[in-house]
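Each of the next two complexes has chain A plus one more chain, namely chain B in the first and chain C in the second.
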Partner chain A sequence: MAQVVAQRFPPPQFTETSHVLPVPTEPAVRALGLEDLDLVVLIAALALVSWLVLRKRSRRGVVAVGIFSVLYFGFWRKGCVCSIGSIQNFAQALSDSSMGLPLVVLVFGLAPLLFALFFGRAFCAGVCPHGVLQDLVLLKPVKVPAWLDHSLRLLAWIYLGLAVVFAVTGGGYIICQYDPFVPIFRLSGSLTMVLLGVSFLLAGVFVGRPYCRFLCPYGALLGVAASVSKWRVRITPDTCTQCRLCEEACPFGVINKSSVNAPAPPRVHDKRRLLVLLVLLPVLVAGGFGLGGLAGGALARKHRTVNLAERIQLEEAGTVTGTTDASNAFRAGTDSVDSLYAQARAVQHRYSVAARWCGAWIGLVMGLKLLSLAIIRRRPDYEADQARCLSCARCYRSCPQELQRLGLPVPEPPKATNG
Partner chain B sequence: MRVAVAKGEFMNRRNFLSGGLRGSLLLTLGGVLGAVTGKAKARNTVWQIDPWKCTMCGRCATECVLELSAVKCVHTFDMCGYCQLCTGYFEPDPNKLNTAAENQLCPTGALVRSFIEDPYYEYTINEPLCVGCAKCVKGCTMFGNGSLHLQIRHDRCLNCNECSIARACPADAIHRMPADHPYQFKSRERKT
Partner chain C sequence: MKPLIPTRWQKIPLALAIASVVFLVLMGGLLLFNQAQGKVAGLVQSTELVRLHDELRQRPQDEALKQRIRKLDLQLRQNSFTELRIAHNGTHAMIFVAGLFLASAHLARRQRRKLPNPLAWGPRQPAEERQAMLKTQYAVAALFGVAAAAAVGASLHAVRLPAPVTAALPVAVRFPTAAELQKNWPAFRGFDGSGYREVSAIPATWNVQSGHGIRWKTEVPLPGMSSPIRWTNALFLTGANASSNVVYRFDADSGTLVWAAALRRSASAGPEPKVMDDTGLAAPTPVTDGQRVYVIFANADVAALDFSGKQLWICNLGPMENIYGHSASLALYQDRLLVQLDQGEGNSKLVALNAGNGQELWRVPRPINGSWASPIVAEVAGQAQLITCGQPWVISYNPLDGTERWRVTGLDSSELAPSPICLSNTVIACNPDGNALAIRATGSGDVTTNQIIWKTDSGTPGVPSPASDGQRLYFLTVGGQLSCLNPATGQAKWTHEFEGEYYASPVIAGNRVVIVTRKGVANVVENADEFCELGKSELGEDCNATPVPAPQGLYLRGGKHLFFLSDL
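Take a look at the complex of A and B:
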């Protein structure tokens, strides 16, 4: 339906000149062509890093590709679209059929996972600008105690759950909103976000890649894929001689010690613990489901519609005086207050359902984490943990056999000590 | 020798397990791919402002991730009255109807006024100067025909996954549009 808009002034009637009215220009969409280029660069970089890590075993090469990625995906393409954020597009597209999923997001979301299934986390090593930026500032790595490392890593899974909640309820993309590095790539942003990014980088000088390890939800997914990858990082190019030289080589603390010389753990005790944890798992899931319901209301307040409805309610009740831009815009529109309230209630309902499932998810993640800690695996070699290894290739040169292979001088092995 | 045999055994079992898991994860990825491509529209989309919803709050100038916003003022000339006293161009109660800076509403002098014939003046936008502050849009919409309005210019827009102006827009005026029709200009006929 077309309606003629009221015009205060009539169109001009030129008599002396034959002036033709110009039309507004329509500059072509620049972003889409660049996005196609991004796809090519992404795939090429993934393949190159996989080759450099697994075949060439070259840390220098990984760093070189990494610097390119920071410059290209980070500073030039401003860090968007990225794989981390793409999770939210997937969640939204899967829950809302009217929502489109652009090709670039599809490939950014799936390609690194696919590569991780075969070659490990090549994406983290040298393609993700967020990761490489943190990798480059890591100068004095300190060791994070195992218990702290394991607990902090849970945050990534919780963050993933929350991001999905906000994406499927239309509450926005929190991963993008609270991305600490994008303001650095863009050289602009709110003060809080810039400070957050800078503090992550400062922390990253000592704690290796804090965002990647403890917060990145995509990294968590990549870890799952990489844990069953076909090829993986092997510290030694030959056979492990248990020389222990690589023990401290990983700044992220993901090298699992060989269990060849370790005493066998008492099995009975272990089995009982496993049983307790297996019973605990459904309890945690159910508990999370229950607690999630309580959080739904609080999370919903972030949503635009709920926010606006609350404001309008306050204004209608006369509790607050004055209006906001949003309430003005609402009153200028055609929607009635009642329909706004109804919409807000529907949104709140969606949030409470989503928050319950998110709670259950958090319970499940915690339970599975406890279970995985209770299972003791025997390892013949010193190996990088497949799930947590970021494929940075730092550990290779700690192995005397690798040095031998490269024809470099081999340091004396440390004196054998007990334990 | 015993170590070697034991090693071989559990490596095989692990390889078998991880192969199976890898296969199932591949299937999962394939399932996700199928689900999203089956449901999703294959069309690419870009962000755009609905000029009829815009409340000229000025956030477009400040919220864009680009230092100089991708939002610019555009002019639908066939809606314009070509007024001599343009309320989008001049400050309220200007000293004189001339192009002196103190008379102009535009803080950057991006709106260009040129004489066509008595009493008609044409107003064009010098896009590199425009910051998208909507001051002229407000003047034009409140007291004139509303022919000046804001649009996201796609030679500049980065097409962020989530437009940060859309997040801040109080009127929810920024939405995704198909990339083959990336502009939503105003016209005398308002389509509803």
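Take a look at the complex of A and C:
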């Protein structure tokens, strides 16, 4: 905020004084050596957190690495390059082969995914500064109802689709533009974004990691990778005794309850429901495709060419008075208005196509979610959901077996509650 | 077990946390208040200062006013920087106190943590998970509904731009049919840019001195590298010097100069660009739709003339910054006159003009360095494609609106002159001194990895464009190596080395192939799977223009004359 104002200060108006105006300077490109250091720190942090979560089972260790990550990747590195934003670099590089993909972006994009494939979401647990910052402010967790939690998590997939649309169509990197935590790490930014970041942190005092769970597109991808990971968080180090002490231990609501003490209901309609949802899947995809086409025109507003064309059109029609810097610059150039409109129409077409596929993607995600919800799984133990578990290691000490293993006092187990 | 009731010492973290919150609220409130009051941005937003500056413009000699402005400027500046310092220090203090708050709050919470009591939760209910999942399904369906409503709502906020101008053509104008285009030679290297005419009787040899094989020979007043185009009995040609851009119409049967039309310069034309002698001022070949002839010159003047020589419109697409001079010929699709202007990185574009009035219909920037290749329009799988070459891309566009259909990278040469050709659904693009690529033209997006049918580095042309009748593909290098390839596989059928330097592209006239050196030595070989030389003749003057086969002979532009070669 302060920085923005400082940059906009006009130079003094009078030249007869001896004041010498400072020469504008470009910020130095981040030294390559530091970039290499970033990569080493990233890999080391991922490995350390994986070891702390899966082998050492140490919440304190995870918190310690997390605080380091907030300081290093957040406040020192100013939150950029980050793995979350790298999705857009990948999308743009894949859609436009003239775009390069720097090594640092490549590694920041792929390394957490590779670790998730084997060790779960170690990145979310203690390496991502965004996630750890929210984790640190979580003081009074309230339980988000399952129906709301599952639905809100789909927003991350929608956000992912939109981010790809804007990245491949030249509309910008919206994940970075609307990153609520980067202004905090940089101690600078627009008032709106600062307030948004503070709001997320205030909400995070009661709702565990709201951005990670409900908006983070990279977290959604990590969840998919972690769902097939070979090594995963196990609440109990031994045999689950069905004591239920861990049932409410997770502030993120990702502990799946055991089916042992929950009698199975009659499942007469389940197969029919599954069949209906299977038929519904292509309908949702097709519907999303069509709806995306409708939204494409509005999304294209974000592109500067369309934006400028609209402004020029309004000025030409006399709908608005005055001019903007952009419209003045355009009129000072050699391009004709018809040419601008033609370019804007071409951009709108690109958006329309991309938005259709984004709509189909959203339909697919929702259809698959409905299908997955229709399948009731039987579980012998209380266990963390592999895809959604953030590997924070909070649940370990809720298990009496774990306390026993550590030689800590074990609370008296509750009596059987099946009813 | 630790006691749940905190001792006096254990109350310290709670007290610290409360004190931190109070500080954070007060400091945050102060910073927000300052921001809302505009104190930080006072200098930028001061209306008083703007008003005084306006007054100063009216009374520039008013020293008192100047002093007042100086004083106000200084005051605002000092206020702003003071507020900036407060904001800076306050933010840092807030970060520190926030850390203190988190540490103390976690400690206080840890002291008050209660053990969970599953007994109080009651027994697990039958089917509770299933009911929760059903509820979630409804919530997901509702979310889809919200997203759908948002999409419909968003559609109401799309920017609606004026429809493109498409109806500017006079009623009398109609587009030529495919048969008409094939019958004539309306553009550079024919209607489809392949350099092939199925029915053509060209002589194997001729003699300028004796007149053998020369039906007529007419002087062309101004020089140019452009090739002739033909529509029935009208033969059009361009020529230029530093002061004039001229279009010529010759009678195709007799060689008589019917008219010469010097263009009235476009009002927006800049000074004559500097060009290399090898390119000249009239290198691009005109194009015609049978009713008008369209031309472009090195200074970027684009014009249309009717068949009587009347200039209908002219516009300028400059300035031209191509290092050798502009040489890309025009292409035409329906009412779109298509101009490829590859002037260098950041300055390359494709422009479509309304053929009826010269108004710009669309313009797309091209990620291309300078190039000298001409675009072609081809019909692939029922779709019109405008195919272009330039370093490093072969890009296909929709000629109607300029949207990109597909692209392939791989043209590495910075001096790209050969134009592409399209055979059925295969595009052949040549990379001077590198690979020639055969590309399946039915893809979309970047198809570099999946639509290249074959590559070859054998005899790839440097300046002349390839030619093909669909059965055989001919490459001619600047150094005179003529290669005949199988267009389906890229395998060479035969290769022959001729002497001389070649800029003009080879053409196929029925069962004969003609190539001409820059010094005007022409070789005619048989269009066959085995090499067979049929004749060699001299024009007696330089030649850089691509020949034009006609049913009864061959039109050839020399340095000074236009020839019609025929022994019929």
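Operating definition for what follows: the second predicted complex is superposed on the first by the 378 of 419 C-alpha atoms of A that agree within 3 Å, B and C clash if a C-alpha of one lies under 4 Å from a C-alpha of the other, contacts with A are read in each partner's own complex, and residues count from 1 in each chain.
Keep this in mind: a residue touches a chain if its C-beta (ideal position, glycine included) is under 8 Å from a C-beta of that chain, and two chains touch if they have at least 3 such contacts.
Given the structure is predicted, the values throughout are model-derived calculations rather than measurements.
Undergrad: With the two structures laid over each other on chain A, which partner does A:S97 touch: chain B (first), chain C (second), both, or neither?
TA: both
Undergrad: For A:E26, select first, second, both or neither according to whether it touches chain B, chain C, the two together, or no partner.
TA: In the superposition, A:E26 contacts chain B only.
Undergrad: Based on the superposed arrangement, let me know which partner A:Y173 touches: chain B (first), chain C (second), both, or neither?
TA: The answer is first: A:Y173 touches chain B but not chain C.
Undergrad: So, A:H349: does it touch chain B (first), chain C (second), both, or neither?
TA: second
Undergrad: Could you say whether A:I376 touches chain B, chain C, both of them, or neither, answering first, second, both or neither?
TA: It touches chain C, and chain B stays clear.
Undergrad: Could you tell me if A:I362 is touching chain B, chain C, both of them or neither one (first, second, both, neither)?
TA: Second partner only, chain C.
Undergrad: Where does A:V142 make contact in the superposed view: on chain B (first), on chain C (second), on both, or on neither?
TA: Once the two structures are laid over each other on A, A:V142 reaches no partner at all.
Undergrad: On chain A, what residues does chain B touch that chain C touches as well?
TA: Residues common to the chain A contacts of chain C and of chain B are 1-2, 5, 8-10, 12, 14, 97, 187, listed in rising order.
Undergrad: Give every residue of chain B touching chain A within the complex, in rising order.
TA: Within the complex, chain B touches chain A at residues 3, 6-7, 10-11, 17-19, 21-22, 25-26, 29, 32-33, 35-37, 39-46, 53, 55, 57, 65-67, 74-83, 116-118, 120, 122, 124, 143-146, 151, 153-162, 167, 170-173, 176, 179, 182-183, 185, 188-192.
Undergrad: Sort out for me which residues of chain A touch chain C in the complex.
TA: 1-2, 5-6, 8-10, 12-14, 95-98, 136-137, 139-140, 146-148, 150-151, 154, 158, 187, 191, 198, 243-245, 247-249, 257, 259, 261-265, 284, 287, 291-292, 294-301, 306, 309-310, 313, 335-336, 338-339, 341-346, 348-350, 359, 362-363, 366, 369-370, 373-374, 376, 398, 409, 411, 414-415, 417-419
Undergrad: Touching residues of chain C toward chain A in the complex: what are they?
TA: 1, 28, 35, 40-41, 43-44, 53, 66, 69-70, 73, 77, 80, 84, 87-88, 91-92, 95, 102, 105-106, 109, 115-119, 121-130, 132-133, 135-144, 147-148, 150-152, 154-162, 164-165, 351, 359-364, 367, 392, 401-403, 409, 445-446, 448
Undergrad: Can you check the complex and tell me which residues of chain A touch chain B?
TA: Against chain B, the touching part of chain A is residues 1-5, 7-12, 14-17, 19, 21-24, 26-32, 35, 77-78, 80-82, 85-86, 88-90, 93-94, 97, 99-103, 105-106, 110, 113-114, 117, 172-173, 176-177, 182, 186-189, 224-225, 227-230, 260, 304, 324-326, 328-329, 332-333, 378, 380.
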